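What follows is a group of structures, each given as structure tokens.
Two complexes follow with chain A in common, the first pairing it with chain B and the second with chain C.
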Partner chain A sequence: MADAKEAKLQGFLDNNQHWWWAEQARSPRIDYLRKAVWSKGAKAGAYLPGTKVGSDGPILFAEIFDDMDARSDPYMTTFSRALENTNTKLPVYIVDNSRIVGCCAAAPHEVFWVPNLSFGLNEDIFNDRDELVDMDKRDEVEKCLETMKPYTQQFMAEKVMSKRHKIMCRTSQTYTGGPHLEGLFYCTSQFTYYSKGFNAIIEEIDAGLKEASTVLYKMGAVPNFPDEEHYLQRVPVWEAMKRTLNSEILYAKRLARLARIISENFETDSERKQELLGISERCEWVPANRPRNFPEALQFEHLQTMARKREKPDGAWPAHPDWWFGDWFDADMKSGYITREDAVDYVGEYLIRSYEYGSCRNRQWRELMTGDPGPYVWTFGGMRPDGNLDYRDLINVFMEAARYVRCVSPTFALRYNKDMPEDVLKNCFESIRHGLGYPNIRNDQVLIKANMFWSNTPEDEARTWVAQACIVPAPETKHGCMPMRYSSCTTLGSKCMELALWNGFNPVFNMQIGPKTGDPTEMSFDQLMDAFIEQFKVIHWDAVKIRNIVHHIEEIHGRPHLSATYEMCVEDGINCFTRKEYGNAWVTTFIWMDGCDALVGCKKLVYDEKKYTMAQLLEFLKANWEGYEKERMDFVKAPKWGNDDPYADDIIVKIHERVRDEVCMPCKCWGTHAQGVPCVPQNVAAYTVCSNLLGALPNGRRLGDTCYDGGCSPGAGNDKKGPTAVLNSVGKLTHENMFRANLLNQRLSPTQLVGDKGFDIWNSYIRSWCDLGINHVQFNIVDNETLIAAQEKPEDFEEMIVRVAGYSAQFVGLNKKTQDTIIARTIQEL
Partner chain B sequence: MATKSYEGEKWFFPFEDDEEQGELVERVIDARCGYWASKPMKKSDLPSGVKMGAPTDKNYYR
Partner chain C sequence: MTEKCLITNMQRFSTNDGPGIRTLVLCVGCNLKCKWCHNPETIPMHNTVFWKSALCVQCGLCIESCPEEAIRPPIPVEEARAEESAYHKIERSKCTDCMKCVEVCDFDALAPVGKMLTVDEVLDEVMRDKLFYKNSGGGLTLGGGEPTMHPKFMLELFQKAKEEGLHICLDTNGTAPWKVYEQTLPFVDFYLVDMKNMDTELHKLGTGAGNEKILENIKKLSEVGAKIIIRVPVMYDYNDTAENFEQMGEFLKGLPNPVHRLDLLPFHNWCQNKYNWMGIYWPLIEEENMDPIECEDFKEILETYGINCTIGG
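Here is the complex of A and B:
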């Protein structure tokens, strides 16, 4: 019988049907939980049928923001009272068979709605054609949203912004929205601090409050205004932190109570009764106290995370689980408190509960992240501050669990060092071979140096880095970890090429949006490149200025929970947005390389070969190449990035140098050590979604054509000389300092990567990649036949995962256009 | 999971262990979509005659 099952499982692996293997190989508990969880990812712009956006957030927040105190209290005080109200009254639930409990929302099919971010987002959700808000609550929710509108980040930010900025953000001409419209945060955690437990943090806060009380209220004390002012500013912040932490402890106790009620009154299965009592005991203990064992550590961090996400939704989720939880795991394994099998189940459940969150997003961001409720990228392994490598067995447990649960979020990033243990690398490769698309492989040494370059981070602290968003590294230290991404306006990079060709005029929107950089028919190539850089400068700097304005509003809002998790904030009694850490600024640059290839096309056919004049080229572009297919093909065939061709590569390297020196380095942002605001070229699903925002270009693209899918990836099908040529081109960029990070997508052949030989081939490829100093690479290992079969019969491939760009998604959950772009990518034979 | 079906039934439990919350009761429901849920409510909002720990089919509180 066991042999028959083994043979069946092996059959699935042999046929690359890893999703069927997972379903049969995982434990009954994980199978149940995986099938019971609601995905909050969207298909195109729509949440999946049945998903609701919970009305509790707006109602519970408005109850507080509508009262008299809110008009005079500091914003952070009111915010903390709203969170307290939410943690006290929001329904809690426990899913059958689960051992890790709690969620942001009130029911498994709901997404939690934070109502003080963007009134545009609120209106988008409220009016969504899929009736995301329960019909019987609509009238009440509408009133609550009106109450919340003046308190939203968007309302407050737009009072300060220029009309031009507002138009540009809302129409997405050069940015995909702005931080005041997205409301998505990227918080690096100081786990080493807050894992002491919330009671211990409250004790520190109480000490600060006691000191304040002495200075402010002690009878007979000599008045001293500077000291008194110091504490008058800090007392409300400390009180907000304390109120919020206490309410989060209460929320956990409510879960504990529910677990006990079920166990004592309803559950009849003796084993489950005991499990429920175990859940109850855990939630009585954490997050109030430091976890005592591995399951408690997972429950602790789960409760902390949901408190953070209920305060503001995450646009990413930086974490380093093997380093955070490794000591508890090792101790429990050693003592026999858990078995390895049970540890895999706990981790599997932790991944499922993490997948469950989702966030309340407007339609544009649901489109940009199509198929993914995240992106949540967790980091594994790497070099410790003392210079030793640390790759724990817990990484293997996470990789194994990920193969069983096959969730598209969280995904993983591996900090790769050449001397890392081979068993861990093999386990990571196995997850990639199972088609998960993760972990993506990050060059540890390059990214440590990048941290040091851009943030002047001391080397030992730079070595603690985690992926703060999809790909950007950030330290996790007291002075390094950050509450948010400093510059989260996301620009459309290739737009600068289009604007350079049209003298700042946007032909897609018919608006003059860029500076008048001159008539390109009268330009030399160098002048055209100058215009390219000038247009890029305006786009990039606008993005930074918008971010600076929104940061100013965030300082007013504050975040009581998040502030309480940073040592510096608790010590100093300051909200996390006014805290001065090293800083880690960046602007994500979507659809970037198309414009670079387009500039190469101009050089080749207009300036060097003089086959066409610039006037002719503009005529082709104006016609969107219609009637000029032969000419378009000339530009398609011009030298392209990714073929180790010096003609194209030299120009593109030059562009990156100039962008760094003339655009990024002069920017000043928050942070005590920030050296500028670098670009982060990458795409998520913007390469399809934003394809209608970018017009025809001299790389042969037409309005609406899908853009290049990575940040430094060649265009799909343009890389004709094999994987080594791709690496050689990409390796010509200096990944330590030309950008903050970059993203390279590669597709590999599944048949070539079978067995130990497959690993050896891949390992050799990765070593070359490392030697070239490239910071990132991620893989799709699935053949076209399978992808096409999945398009034809999606019901048979529901759990098949692909890497899109910066995140993974179920292939059948993507829209047809995005599916086609993945099929179009070149499969590289190593 | 509980072997008996309690679908849609609701129970009310006092906060015996938490004196600060003495005015509240926990309204517990077996949603039977595979999860149990609870929400606190004030005792004073309950109609008279509701017995603690006993099922009721009245939809007192969503």
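Here is the complex of A and C:
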């Protein structure tokens, strides 16, 4: 019997049907939980049928923001009262068979609605054609949204922004939206601090409040304005932190009570009764106290994260689970408190509970992240501050669990060092071979240096880095923790090439939006490159300026919970946005290499070979190449990035140098240490979504054509010389300082990755990738036949995961265009 | 004076033609005519033209360029691209491979199969992946076609590659005169030699030549201590018999030095496009790909002779 099952499982593996393998190989509990979970990933712009955006957020927030105190209290005080109201009243639930409990929202099919971010987002959700709001609550919610409108980040930011800023943000001509329209956050976690338990933090806060009380109110004390002002500023902040933490402890206790009630009154199965009592005991203990064992550590962090996401929805989910939970795991394994199988089940459930979370997003962002509720990129392994490598067995447990549950989020990033243990690397490879698309591989030493270059982070702190969003590294230390990424303003990089060719005029929108950099027919190649840089400068700087305004508004809002989990903030009684010691500045640059290749095309055919004049080229572009297919093919065949061709590569490296020196470095981010505001070229699904925003270009691109899919990946089909040539090209960029990070996609053929030989080849490939100093690479391992079959019979391939760009998604959940582009990526035969 | 050779492909990141990550350089020209050949474009000694129907827009420009009137008039694109289509752009009996049509084709539908390159040009491309060779134990593999048909080019390339410290494999059908192999001995790290059939009559039937010379050369290579990897394409109803592999085992066991490895390569028809592009009907197109599992028995047989054997390499 057991042999028959083994053979069946092996059969699935042999046929690369890893999703069927997972279903049969995982435990019954994980199988149930995996199937019971509601995915919050959207298909194109729509949430999956049945998904609702909960009304609790707007109602519970408005109850507080509508009262008298809100009109005079500091915003952070009111915010903390709204969170307290939410944590006290939000319904709690426990899924059958689960052992890790708590959710951001009030029900498994709901997304929690944070109503003080953007009124545009609120209206988008309220009016969505999929009826995301419960019909019987619509009137009440409408009223609440009206109450919340003046308190939203968007409302407050737009009072400060210029008309141009507002138009540019809302039309997405050179950047997608703006931080005040999206409200997605990307904070890092100081787990090593807050894991001591919320009670211990409250004790610290109480000590501060006590001191404040002495200075401010003690009878007979000498008046001293500087001291008193110091505390007058801090008391409301500390009180907001304390109020929020207390309400989160209460939320956990409500879960504890529910578990006990079910166990004692409703549950008939004796084993499950005990499990429920176990849940109850855990939720009585955490997050109030420091976890005592591995399951408690997972429960603790889950409750903490969900509370944080009720405060502001995270666009990402930075975490370092093996370092965070490793000590508990090792101790429990040693003492026999848990078995390895049980640990895999706990981790599997933890992944499923994380996958259950969906952030509150407008339709545009749901499209940009098609198929994925995340991206939640968790980081594993790496070099410790003391210079020793730390790769724990717990990484293997996470990789194994991921293969069983096959969630598209969270995904993993491996901090790669050449001397890392081979068993861990093999396990990571196994997950990639199972077609998960993750972990992506990150060059630890390069990214430590990038951190030091851009943020002046001391080396020991830089060594604690986690991926703060998809790919950008940020430290997790007392001083280095980041309340947010610098910019959710994502620029449309290649637009600068289009604007340079049209003297700052945007032909797609028929608007003059860039500076007048001159008539290209009268330019030399160097002048054309100058115009390219000049246009990009305005795009990038606009994004940074908008970010600066919104940062100012975010500081007014404050974040009671997040501040309470940062040691510096608790110690000093300050809101986390007030801390400006370190800046992790960057602007994500969507659609970048297309424009660079276009500039190379001009050099080749207009300036060097003189096959066409610039005037002719403009005529082709104006016609969107219609009637000029032969000419277009010439530009398609011109040298392209990714072929290890010095002609293209030298120009593109030069562009990157100039962008760093002339565009990024002059920007001032907050913080005494931060240097400039670098680019982060990567795309999520923008390479399809934004394809209608970018017009015809001299790389042969037509308006609407899908853009290149990575940050430094070659265009689909442009890499004619195989994967080593791609790496050689990409390795010519200096990844330590030309950008903050950069994304490279590759697709490999599953038939070539079989067995130990497959691993050996991949291993040596990765070693070379590391020697070339490239910061990132991620793989899709799936053949075209499977992808095409999945398009034809999606019902048979529901669990098949692919890497999009910066995140993973179920292939059948992607829109057709994105599916086609993944098929079109050149398959690299190993 | 650097030697030149018509090269059809320099496949970087090749992992099935010797150890590690390699660059596989393919020369044209082969003295055998194997029925299952996967690189039919490398059989003639001269350059020929591929016509890739999927890229052809039937613009007709090639007709005007052809001095031999060897180009067929355009037909609707869908019709030409249909799977069952018998249409081929070039009338091969008239074509002189002058490449005039290639020059006018804007869509790369007409493309030469090879390019004349000097040793230095080849080496320049090969050296680009030296980092990958270092990390994987890989290097250069020269194949084809049959590279020993260009001994001067081959020797110059090997000599220069060795000076660069490259690991070198020679992929050969084993039919060259011994003195050619003898000259390569100081340079070549691995000889990849094909063995198709132990029955010389059947060998002749499948490849156009008997196997005597090949077996003799393998023996001589073994005698001088060369490292050898034997590669056996396994074909339905041709060499897929226990008897063949028993004889093969017997022969290899009798060599003065054991071979490094033997790779069984189950038949596949992935090269059918190339035959279509050349306008050649390939009878094996209907043949199904062989499941590697069908080679298990042969592997077991060979292992009883103490041979280190893989399926697929």
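A few remarks follow.
Convention: the second predicted complex is superposed on the first by the 830 of 830 C-alpha atoms of A that agree within 3 Å, B and C clash if a C-alpha of one lies under 4 Å from a C-alpha of the other, contacts with A are read in each partner's own complex, and residues count from 1 in each chain.
As a working rule, a residue touches a chain if its C-beta (ideal position, glycine included) is under 8 Å from a C-beta of that chain, and two chains touch if they have at least 3 such contacts.
Given the structure is predicted, the values throughout are model-derived calculations rather than measurements.
Residue contacts after overlaying the shared chain place A:Asp644 against chain C, while chain B stays out of touching range. In the superposed pair of complexes, A:Arg254 makes contact with chain B only, with no contact to chain C.
Contact with chain C, but none with chain B, is seen for A:Lys630 once the two complexes are overlaid on the shared chain.
When the two structures are aligned on the shared chain, A:Phe225 is found in touch with neither chain B nor chain C.
In the superposed pair of complexes, A:Tyr765 makes contact with chain C only, with no contact to chain B. After overlaying the two complexes on the shared chain, residue contacts for A:Thr724 are found with chain C alone; chain B is out of touch. Residues of chain B that touch chain A in their complex: 1-4, 6, 11, 13, 15, 17-18, 26, 28, 30-31, 33-40, 53.
The touching residues of chain A, counted against chain B in their complex, run 36, 88-97, 106-109, 253-254, 257-258, 261-262, 265-269, 272. Within the complex, the chain A residues that touch chain C are 629-630, 633-634, 637, 644, 721-725, 728, 752, 754, 757, 760-761, 764-765, 767-768, 771-772, 828-830. Of all residues in chain C, those touching chain A in their complex are 11-13, 15-16, 20-21, 57, 106-108, 128-129, 131-132, 134-138, 312.
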